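Across the two complexes that follow, chain A remains constant while its partner is chain B and subsequently chain C.
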Partner chain A sequence: MSNSFELCVGPIHPALKEPIQLDFEVEGERVKNVSFKLGQVHRAIEWAGMRRNPIQILYLAERICGICNVCHPMAFSMALEKIAEIEVPKRAEYIRVINAELERIHSHILWAGVAAHELGFDSVMHYTWRVREKVLDIIEMLNGNRITKGVFMIGGVRRDVKKEHIPKIRQALQYYRDCYAKLEKIFLKDASIKARTRDIGVLSKKEALKLCAVGPTARASGVKKDIRVDFAYAAYPWLDIKPVTPEIAGLKARGDTFDRILVRLLEVKQSIDLIEQCLNDLPAGPILAEPVLQKLLVQLKGVEGESIALQEAPRGELIHYLKMAAQDSPYAWKVRAPTYANLPPLIPMLSGCEIADIPIVAASIDPCISCTNRVVQIDNDDSILSMDKLRELSVQKTNKILREVKK
Partner chain B sequence: MGINTLNRSLWVFHVNTGSCNGCDIEIVAALTPRYDVERFGIKLVGTPRHADVLLVTGAVTRQMKDKLLRVYEQTPDPKVVMVIGNCGATGGVFYESYNLVGPVDRLIPVDVFVPGCPPRPEAIIEGVVKAWKKLEELEAAGKRKKKRAKEAKE
Partner chain C sequence: MKPAGVVNSFKKEFENNIEIHTSEHGKGKKKTVRVWITVKNKDFKKAVRHLFKLQEFPHFSVSSGTDLGKEIEIINHFVLNYGERLKAIPVSIKVKLPKRKPEMETITDLFPSAIISEQEKMEMLGITIKGIPRNRVFTDESMPSNAFPWRKDSKGVEKIARNLHEEKRGNKK
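Showing the complex of A and B:
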C-alpha cells in the first residue's frame, strides 16, 4: 500500500498571488509528484485582439500582464514593424531599451520582495518594496503612470526622454547602486536565506536544456541564453551586454534557488549599467516613424505577411507571432509568455523537496500566471484532441505536403 | 474624515479573479512602507474567515466564478466588498471576452468601486476609508437590531 496522499493548493491561497491550482502527491513531508491546472486567468486576449486594430491592440497587449507591461506591447509592435517594414528611429530604439530595463529593475526587485515573503522574511520584503518605489517614480516621470505606461507605438515610442529627465534618472541609478550592496548582503550572505535556498529546488543544466527553460531560470542552471544577446533587438546590438550566469560572480552554476536569486540580483546590476550606457549614447532625432496615427493606421491596413518577434522579458524569452492579411485587425496573434516555458522545469524542481520549501521553489521561477493563460478548456467533449490524435493529424498533413511537393 | 473608532483593526482579504497583476501589485504597494496602511492596523490576512473587507481584482473569469462566490460566503458579516480596478467594475479592456461572467457586481453586492487601470495606491487608500465608514454603519445597524430584539424579548 502506498503511503502517499494528495495535497491541493489553490486557486485561491495566501501563498499564491495569482490563481493557479497545484496538485501535489506527498509522502510524509516529501513531494513525490506535481501537476498544474491552468486557465483561471484566461481572458481571451488574443481573440479580442483579432477584433481590434493594431493601435488598440497595443493597449490590450499592455494588459496581458501588469508587471511585464513593456515587453508585450514592444514585442507586438516589433512583429508588426517587421511585416509592415517600418524602420524605427534610432532614438526610439534607445528609449525602448531604457523602458525595458527600468521594467526589469522593477520586476526583479518586486520578485526579491515576494521571495523574501515566501521565506518568511517580511522585514526584507518591506525593504525591497520601499527600494522599488524609486524606479516607479522614474517610470511615472517618464511616462505619466506608475504601472501601465502606454509608451509604445508602432514605429517608435510616444514619450521622449527629455533633457531634464536625465539627471534624475542618473540619480536613481546611483541610488540603486548604493542599495545594491545592502540587497546583496541580505540575499547572498545571510545564513538563514542560504540554508533555505542552497541545493533546494535544483534544476540541472541537462534538464534545463531538455525542458526548454528560459530567462533567469535557465541562466541560473548555467545555460548561456539571453535573447538580448542571441537575437539582439532594439538598441541592444550597440550595447555592451552578455548573459548573466552564476559564473560571472565566480561561482559554479548549481541551478538551485540560491542561484536564481543571484542571477536576478546580478541582472538588476546589469540593467543599471545598460540604462547608463543608453543615456550616454542617446542619439538625437525623431521618436516616431510616422507621427500621424491616422496615416499609420491606413498604412497598416494594407499590409500582408507573418512574423515572429522575440523579446527578453524579465522572466525570459517572450514570443509574439502575428499574421496580417490586409485587414483592419490581425488574422492571427499568438503570445507565448516565458512562464509557459518555465512551468515544466518546475516539476523536477519540486519533486523531492519538502512541503515547507514549496512556496520559495515555486516562486523562484517568478511565475506570472496572467501571461501564461492563453488557452482554456471550458467543456469536456469530443472536440478536444489528445496528443496521439494531434500526432496522427500532423503525420497526415506532412504526407499530404510531401505528395504535393513530389507532383 | 468622519471615522469613529472601530473597535478593531480592519483586516483585508484579497481575491484575484483573473486580474493582470497591475492592481494586485498596487494593493501590495499600498501596504508596504511608502504608503504603509499597516500603521492603521489594515493588513492582508490569509483566509476570508478572518476578513472584514474583501478586495476583488479582475474581471471575473468563468473558472473563478464559484470560487469568488465561496469566498464571499465564507467572509463573516458585517463585511464590505471593494472592487479595485476597471476590469472588476466594468470588464475594462476585456469587456467583450467570451470567458468572462463579470463584472463583479453581477455576482456579489459591491460597496466600493476604485476605478483606474491600475488605480494608484492613494486611490486604493481612499477606497478603504470609504469601506471603513460603511463597515461602521453596518456594525451600528447590527447593534441597534440586537438591542431591539433584546427589548422585544423583555
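Showing the complex of A and C:
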C-alpha cells in the first residue's frame, strides 16, 4: 500500500499569490514528486498585438507584466528597430538602461518583501516595501508614473533625464547604499532565515544548464548567463558589468534558496553602480530617432523582415520574436517571459523538500505567472461568479456576520 | 566560436540541405549577429542535435510559430556561447510544415524545458508534435477543438473573437 498523498497548491492558494497549480505527491512531510499546470489567466496578448500597430503594441506590451513594464516594450522596440534599421540615439540608450535598472531595484526589493512574507517575517516585508518606495518616487519623477510608465518609443524614449533630476537620482542611490547593509544583515546574517533557506530548494548547476534556467535562478546555481553581459543591448556594451553569482561574495554557488536571495541582493548593488555609470557618462543629444509619430508609423508600415530581441529582465532572459510583412500590424509576435523558462527548474527544487518549504522555494524563482499567460472569459455559468454577484454575496455574508455578532 | 564558425559547422554537416544566413546589426561593441537556419522537417532533429556538438549545454529560449498560408513555420530559438562577454550567438532553427500534415518531432528529449513551448504551438497553431501529450495549457476547455488562435485561415478564431457575445462558453455540457 502506498503511503503517499496528493497535495494540490494553487491556482488560488494563500501560499502562492499567482495562478499556477502545483500538484505534489507527498509522503509524510516530504515531497516525493511535483508537477505543475499553468494557463489559468491566458490573456491572448500576442493575438491582440497582431491586430494593432507597433506604437499601440508598446502600451500593450507594457501591460504583459506590472513589474517588468520596462523590459517588454524595450524588447519589442529593439526587435522592430532591428527590422526597420532604426538607430537609437546614444542618450536614449543610456536612459533605457537607467529605467531598466531602476526597475530591477524595485523588482528585487519587492521580491525580498515577498520572500520575507513567505518565511513568516512580515515586519521585514513591511520594511523592504517601505525601502522600495524611494525607487518608485524616482521612477515617478522621471516618467510621471510609478508603474506603467509609457516611456518607450520605437527609436528611443519619450522622456528625458533632465539636469535637475540627476542630484535626486544620486540621492536615491545613496539611500539604497545606506539601506543595503541593513538588508544584508537581515537576509544574509539572520540565523532563522539561513536555517529556512540554506540547502533548501537546491538547483544544481547541471540541472540549471539542462533545464535552461535563466536570470538570478540560473546565476545562483553558478551559471553565468546574463543577456546584459553576453548579448549586450542599449548602453550595456559600454558599461562595466559582470554576471552576479555567489562567487562574487566569495561563496561557492550551492544553487539553494539562500543563494537566490544573495544573488538578487548583490544585483541591487550592481544596479546602483550601473545607474551611477550611466549618470556619469550620459551623453548629450536627442532621445528619439524620429520624433514625429505619424512619420514613424508610415516608415514602420513599409518594413518587412523578422528579428528577435533578447533582454535581461529582473527575472532573467526575456525574448520577443517579431515578423513584419509591410502591413499596419506585425505578421507574427511571440513573447517569452523569464518565468516560462524558470518553471521546469522548480521540479528538482521542490522534489525532496518539506511541505512547509513549498512557499519559499516556489517564491525563490521570483515567479511572475501572469507573464506566462497571455483570455479574459466572461461567462454566464452559475459556477463562475461575476464581479457583481461576488459583491452581492460578500455583502450578504458581512450582514450575516454582523447579525451573529449582535446576538 | 564565432558566428561564422557556427555557420560553417552547419554547412559542413548539412551541405546543400540547409539554408543559413546571419543578420548583423550595430558597430563596434554594439555589433550583434543572429544566425538563422532553415532545415527540412526530416533534418530538424539532427540540426538541433548538432548544437550539442558546438556547446555541451546549448540554451533553448523558446519556439515561435507562424501561419504562412500554405505552411506553418516553427522556429526554435537557441543561444550559444552564453556566459562570455559580448559573445553570445542567438541561433534560430526554422522548419516549415505543410498544412495537410503539420507534424514534427519533439525536442523534449534534448531540452526537457521545451515542453511548454511545444504544447503551446500545438494549441495555438494546430500542429502535431510527436512524442508529447496533446494537453490544453493556455486555452479554455470551451474553445472548439478545431480552432487555433494563431492560424490565419478558416481554423483561426476571428469569428469566435468577433462574436464573443454569442458564445455560451463554459456552460456545463
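We adopt the following convention: the second predicted complex is superposed on the first by the 373 of 407 C-alpha atoms of A that agree within 3 Å, B and C clash if a C-alpha of one lies under 4 Å from a C-alpha of the other, contacts with A are read in each partner's own complex, and residues count from 1 in each chain.
By definition in this document, a contact is a pair of C-beta atoms (placed from the backbone, for glycine too) under 8 Å apart; a residue touches a chain by one contact, two chains touch by 3 or more.
In this text, all values refer to a predicted model and were calculated from it rather than measured experimentally.
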{"item": "Contacts of A:130 with chain B and chain C, given as first, second, both or neither", "value": "first"}
{"item": "First, second, both or neither for A:14, with chain B first and chain C second", "value": "first"}
{"item": "Touched partner set for A:185, first chain B, second chain C, both or neither", "value": "neither"}
{"item": "Partner chain in contact with A:331 - chain B first, chain C second, else both or neither", "value": "second"}
{"item": "Which superposed partner A:42 touches (first chain B, second chain C, both, neither)", "value": "both"}
{"item": "Touched partner set for A:400, first chain B, second chain C, both or neither", "value": "neither"}
{"item": "Touched partner set for A:198, first chain B, second chain C, both or neither", "value": "neither"}
{"item": "Which superposed partner A:237 touches (first chain B, second chain C, both, neither)", "value": "second"}
{"item": "Those residues of chain A which chain B touches in one complex and chain C touches in the other", "value": "39, 42, 44, 47, 378"}
{"item": "Contacting residues of chain A [partner chain B, same complex]", "value": "11-12, 14, 17-19, 39-45, 47-48, 51, 59-60, 63-67, 69, 110, 113, 125-127, 129-130, 133, 136, 146-148, 368, 370, 376, 378"}
{"item": "Chain A partner contacts - residues on chain B that touch it in the complex", "value": "15-26, 28-29, 32-34, 44-47, 58-59, 61-64, 67, 71, 92-94, 96-100, 117-118, 120"}
{"item": "In the complex, chain A residues that touch chain C", "value": "37-39, 42, 44, 46-47, 82, 85, 209-212, 223-225, 227, 229-233, 237-238, 243, 307-308, 310, 317, 319, 321, 323, 331-332, 334, 336, 340-341, 343-345, 372-375, 377-381, 383-384"}
{"item": "In the complex with chain A, residue positions of chain C that touch it", "value": "23, 25, 28-30, 32, 34, 56-57, 59-62, 64-66, 75, 77, 79, 81-88, 90, 92, 111-113, 115-117, 136-140, 142, 149-150, 157, 161, 164, 168-172"}
